[in-house]
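For reference, chains read A, B, C and D in written order, and residue numbers begin at 1 within each chain.
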Amino acid sequence: MSDAPALDVRSDICWSDATSITVLGRDLCTDIIGELDFGSFAFLLLTERMPSAAEGTLFNAALVSLVEHGITPNAMATRLTHLGAPESLQSAVAAGLLGLGSRFVGTIEGAAQFVTEGAGRLTAAGDDSDAAVRAEAERIVAGFRERREHVPGIGHPIHDPVDPRAERLFEIAESEGFPTLPIRLVRAVAAAGSEASGRALPVNVTGAIGTVVALLDLDWRIARGLGVISRTVGLVGHLREELAQPMATTLWRTTDAAATRHLGIEAWPAR
Amino acid sequence: MSDAPALDVRSDICWSDATSITVLGRDLCTDIIGELDFGSFAFLLLTERMPSAAEGTLFNAALVSLVEHGITPNAMATRLTHLGAPESLQSAVAAGLLGLGSRFVGTIEGAAQFVTEGAGRLTAAGDDSDAAVRAEAERIVAGFRERREHVPGIGHPIHDPVDPRAERLFEIAESEGFPTLPIRLVRAVAAAGSEASGRALPVNVTGAIGTVVALLDLDWRIARGLGVISRTVGLVGHLREELAQPMATTLWRTTDAAATRHLGIEAWPAR
Amino acid sequence: MSDAPALDVRSDICWSDATSITVLGRDLCTDIIGELDFGSFAFLLLTERMPSAAEGTLFNAALVSLVEHGITPNAMATRLTHLGAPESLQSAVAAGLLGLGSRFVGTIEGAAQFVTEGAGRLTAAGDDSDAAVRAEAERIVAGFRERREHVPGIGHPIHDPVDPRAERLFEIAESEGFPTLPIRLVRAVAAAGSEASGRALPVNVTGAIGTVVALLDLDWRIARGLGVISRTVGLVGHLREELAQPMATTLWRTTDAAATRHLGIEAWPAR
Amino acid sequence: MSDAPALDVRSDICWSDATSITVLGRDLCTDIIGELDFGSFAFLLLTERMPSAAEGTLFNAALVSLVEHGITPNAMATRLTHLGAPESLQSAVAAGLLGLGSRFVGTIEGAAQFVTEGAGRLTAAGDDSDAAVRAEAERIVAGFRERREHVPGIGHPIHDPVDPRAERLFEIAESEGFPTLPIRLVRAVAAAGSEASGRALPVNVTGAIGTVVALLDLDWRIARGLGVISRTVGLVGHLREELAQPMATTLWRTTDAAATRHLGIEAWPAR
C-alpha cells in the first residue's frame, strides 16, 4: 500500500486549544461572548472586521426585517417535516430553508449583485447624476428582460404601493449616514422595471437587503446568507407555535381529502 | 365532484396587509426594525415576550457562544455541498445544519430538558440544598446510564479542564442576577457523570446553553433551535471563506486518493 | 509551518481510472449496466453480494411498496419547496425526505431491529413454537410500552383491517421460499400490541419492510434507507405532477388566509 | 371569525381507501408489487405509462449508471452528517443529495434540455443530415459560451478519452432500437465543445443520461430526478460502509489539524 497522502488545506476563521477559542484573531470568551450582540458577531464573521455603530445598527435591522412573514411555503415545509421527524428539529428547519431559492429570499443575491456592480460602475465613471443613475437602471432592467428573468428584489404580491420594510431600512441607512447612491439606484431599477412591465413593482424587502449588502460592502455572493440567517430564526419560531398549537396534521389531511375528492374516495374516515 | 373541503388552521405569529406587517402584536416596521437587535428579536419569537435587559444580554451571549468552532463536520459538509451546488447557498447551509443531531449541538435539547425538569423538581420539593442538588444530579446521571445513553452537555474532546464558553456563560448569568439553582444542578450533573464514568466530563457549551434555556424559561423542546440559529451564522461564514480560499476540491481529491490507495489506482492523474 | 498531515481513510465500494469504474469488484460498464436491474443493483450496494432470483424479487417488491401513498406531509414539503427553488429539484426532494423520521417511514428501522433481534433470539434458543413466538412478541411489546414508545411498524390510520401492502409482501416472501419465522414474529407483535393497547394495530407496510430487511439479512441500521430510496422515486413523481398541475401556490395562499382569518385580515387581495 | 376557506387542489397520482391503494389507475398490491421491478415502476411514476421492454431496459441502465463513483463530495457530506446525527439516516442522505446541483449530476437537466430541444428542432426542420446535426450542435455550444456557462454533460476529470458509462448507455440504446438522432446530436455537441474550448470534452455519464431522458420522452425539467434517485442508492451504500468501516471522524480531525497547522496549534492532543 502506498503512503497516506498529505492533506493540504487551510482555514483562518477559528481555532482552539484546551483553554481557549480564537475567532478571527479575537478571544471568543473574553472579547466576544457578552461583549458583542449576536447580529454584530454575524457581521464580524461575514466581513472579518468589527462593525461600526452605524454598521451594527443597519446590519441588525436588515436581519430583523426578514425573520417573519407569517405562513409562507417554507414555514409550512418546516411544520410538515416536524410532523414526521419531531426528534430532529434541525431537519425541520433545514427543510424550510431549502425553499429560499430563486423565487423567494434568494432574490437578495441578485439584487445585491446588481446594486453592487451598478453603483461601482457609476462611481468609476464619476457621474452619479439622476440621469446617469436612471440610465444605469435601465441597462440593468434591460439585461434581465433579455434573459427573460424577473428583476430580483422588486415587486410584492401583498404590499402596495410600497413594501414598508424596504422603506424602513432605507430610512435607517440614511439616518445613519450611509451613502445614498445604492438606494437611489435600486429605486431607479424599481421604476424602470415598473415601466417596462406595466405593473407597479416597488423595491421589496429582499431588494432592500440586497442594497444593505452593497452599503456594508459585503460580498454579494453570500448575500443570500442574510436571508438564510433571518429565516432560520423565523422557522424555529414556527416550530415553537407548532408544538403549542399544531396545524400540520390538519393541513395534511385536508389537503389529501381535497386533492382526491374528484375520485369520490373517503380518505380519512371518521372512526 | 364533492365540494372543496374547508381548511381550519390557525397561526398567531405574524400577519400582514398592504401597508404593514404585525409580529406577535407589534408593528414590525415601526416597533421592531431598528429598535430591537437581532438576538433580542429572536428571543421575542421564541418566547412571545420582550426580553428584559438581563435576558437580552444572556440570550445574545448564548447565541454568540456556539457560532464557531473552526473546522467541524458540519462546516465540512457545507463546503463540500457548495462545491456541487454553488448557485444554492441555502442548500449548503442546510446540509451543514443536518449534522446537528444527537452527537453534536443537538445535545442542547437533552441538557435543557434535564436542567428544566430537575430544577423544577427541586423547587417543587422546596429543598435546594447542596445535598438535594447532588442527589438529583445522581438520579439524572443514573437515568441516562440505565438507558445506555451519554449524558448530554458534558465532556469535550479538546477543552480541558473546563469548556471556557460554559464558564463565561455562567459568569454572565450570575452577574446579571439570574437564579443559581440551574447552574448548580448542571455542575452537579457533570460531577456525578465524571465520577460514574471515571473520566473528567466538564459542562460543555451545549450543556451551558441548555442551562440558559432553563434560566430564560424557554420550552426545552425548541432548545436545539438556539444551536441551529447560531451555527447558521457560522456556516455562512465558512462559505464566505470557501469562496475566497477554497478547500473543498482538495479535500475531495485527497480523500478519494487516500481511500482507494490500497488498490494502487491513480484516481487523479496529473495531466 | 508544520507539514501537511497524512489522511488515513479507506473505502472499498468503488474506484475508477481513466477507462473503467469498478463497484465492489465488478466492472460497472461490462458487468452491471444493462445486466442488472436498478433494484437488484441497490441490493448489491447494501449487502456486498449479488441477489439470488428470490432475493431480487422480494427486494424489488419491498422497494416498490413504499414509493407512493398520495398526498403525504413529505410530498407536500417537496412541492412547497419547489415553489421557492424550482432551479434545485434535488433540494425539493431532500426537503421531502427530511420528514421520514420516527413517525413515518423511519419506523422501518425499529421494526427491522426487533424482528432481526427477536428472530435471532428464538433461533438461538432453538424453539420457534407458536408459544415461544408469542412470548417473544409480548416481551418486545412490553419493552416499547415501558419506554412509552409506540411499537414501530404496526397500526395504520386508513388501512383496515390490514395494510394490503404488508399482506402482499408476506405472500411474496412465502411463495419465494423465505423462512417464515420473521413473519410469524411480526404478526405476533401486532397481535400483542393490539391487545395491549385495546386497538386494532395490524402490521403496516413499514413493519413488513422491516421484516423483509430481516429476511434478506440486511443490517437493520440501514433499514430506513429502503424507505428513503422508495420515497425518493415518489417525490420526483410528485414534482412531475406539480410542474403539470401545480398545487403549491393554492396550498400556500389558502393556508395563510385560513391561519389568520380570525384577525379579519385580507391577506391575498383579489386585484 | 370568518369561515374556514375552501382548499381547492387536485392530485391524480395515488389514492387509497381502507383496503386498497391505487397508483395512476393501477392497483398497487395486485398489479404492481411483485409484478414490476423498482426501476420500471419509477418509469411509470415519471411518465404515467408502463415502459415497453426496451424502455424498461434503457431506463434501468441509466439509473444504474450513476449510482456510484466512489468518494465524491456528496458521499463525504453524507458520511460527515451521519457522524453528528446517526439517528437520522434520512438527513445524512438528504445532505448528500443537496450537492447535486449545477456542477455535478444536475448537469443531466441541461443536457436533457438541449438534446430534447435540439433534436426537436432538427426533426421539425426535416433535416437530420450530419451537416444539420453539426450546425445545431455548434449553435448549442455557442449559446452556452455566450452566457459564459459550461456546456452541461461533456468533459470528465478522470475518464479519458471517453466516459465508459456513456458509451455503454449509447450501445444499449442502439441495440434496443431507439432512434439515433439524439445520440448523434450529443456527440456532435461534445465535438463542437471540444473544438471551441481546445480541450477534449467527451460526452460524460450525465450527458448520456440527459440523452436517455430525450430518448424516453421524459420531461427534461425532471431529468435531474434520475440522478437524485440513483445517488440516493449510492449514498445509502456509503452509510452501510461507514457503519462497518468509518472514516468520518478521521476525516474531520485530520482536516481540522491540517487547516489550522499554520498557527502551531495542537487541536487534537493525544491524551
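Details
Just so it is clear, a residue touches a chain if its C-beta (ideal position, glycine included) is under 8 Å from a C-beta of that chain, and two chains touch if they have at least 3 such contacts.
Everything numeric in this text was worked out from a predicted model, so none of it was measured.
Of all the chains, the one whose CA centre sits at the greatest distance from that of chain C is A. Its C-alpha atoms superposed on chain C, chain B is turned by 180 degrees; the angle is given in steps of 5.
Centre-to-centre spacing of chain B and chain C amounts to 29 Å, using the average Cα coordinate of each chain. A separation of 35 Å divides the Cα centre of chain A from that of chain C. Separating the CA-averaged centres of chain A and chain B is a span of 21 Å.
Contact with two or more other chains is made by residues 3-11, 15-18, 70-71, 85, 87-88, 90-91, 94-95, 98, 100-101, 105-106, 158, 160, 247, 251, 254-255, 258-260, 262, 267, 269 of chain A.
Across the complex, chain A is touched by residues 1-21, 23, 28-30, 32-34, 36-42, 45-46, 57, 60-61, 63-65, 67-71, 88-91, 93-95, 97-98, 100-101, 105-106, 109, 158-160, 164-165, 167-169, 171-172, 219, 221-222, 224-225, 227-230, 232-234, 236-241, 243, 245, 247, 250-251, 254, 257-258, 261-262, 264 of chain B. The residues of chain D lying in touch with chain A in their complex are 7-11, 15-18, 85, 87-88, 90-91, 94, 98, 254-255, 258-260, 262-263, 265-267, 269. Contact residues of chain C toward chain A in the complex are 3-8, 70-74, 76-77, 80-88, 91-92, 94-95, 98-106, 157-158, 160, 247-248, 251-252, 255-256, 259-260, 267-269, 271.
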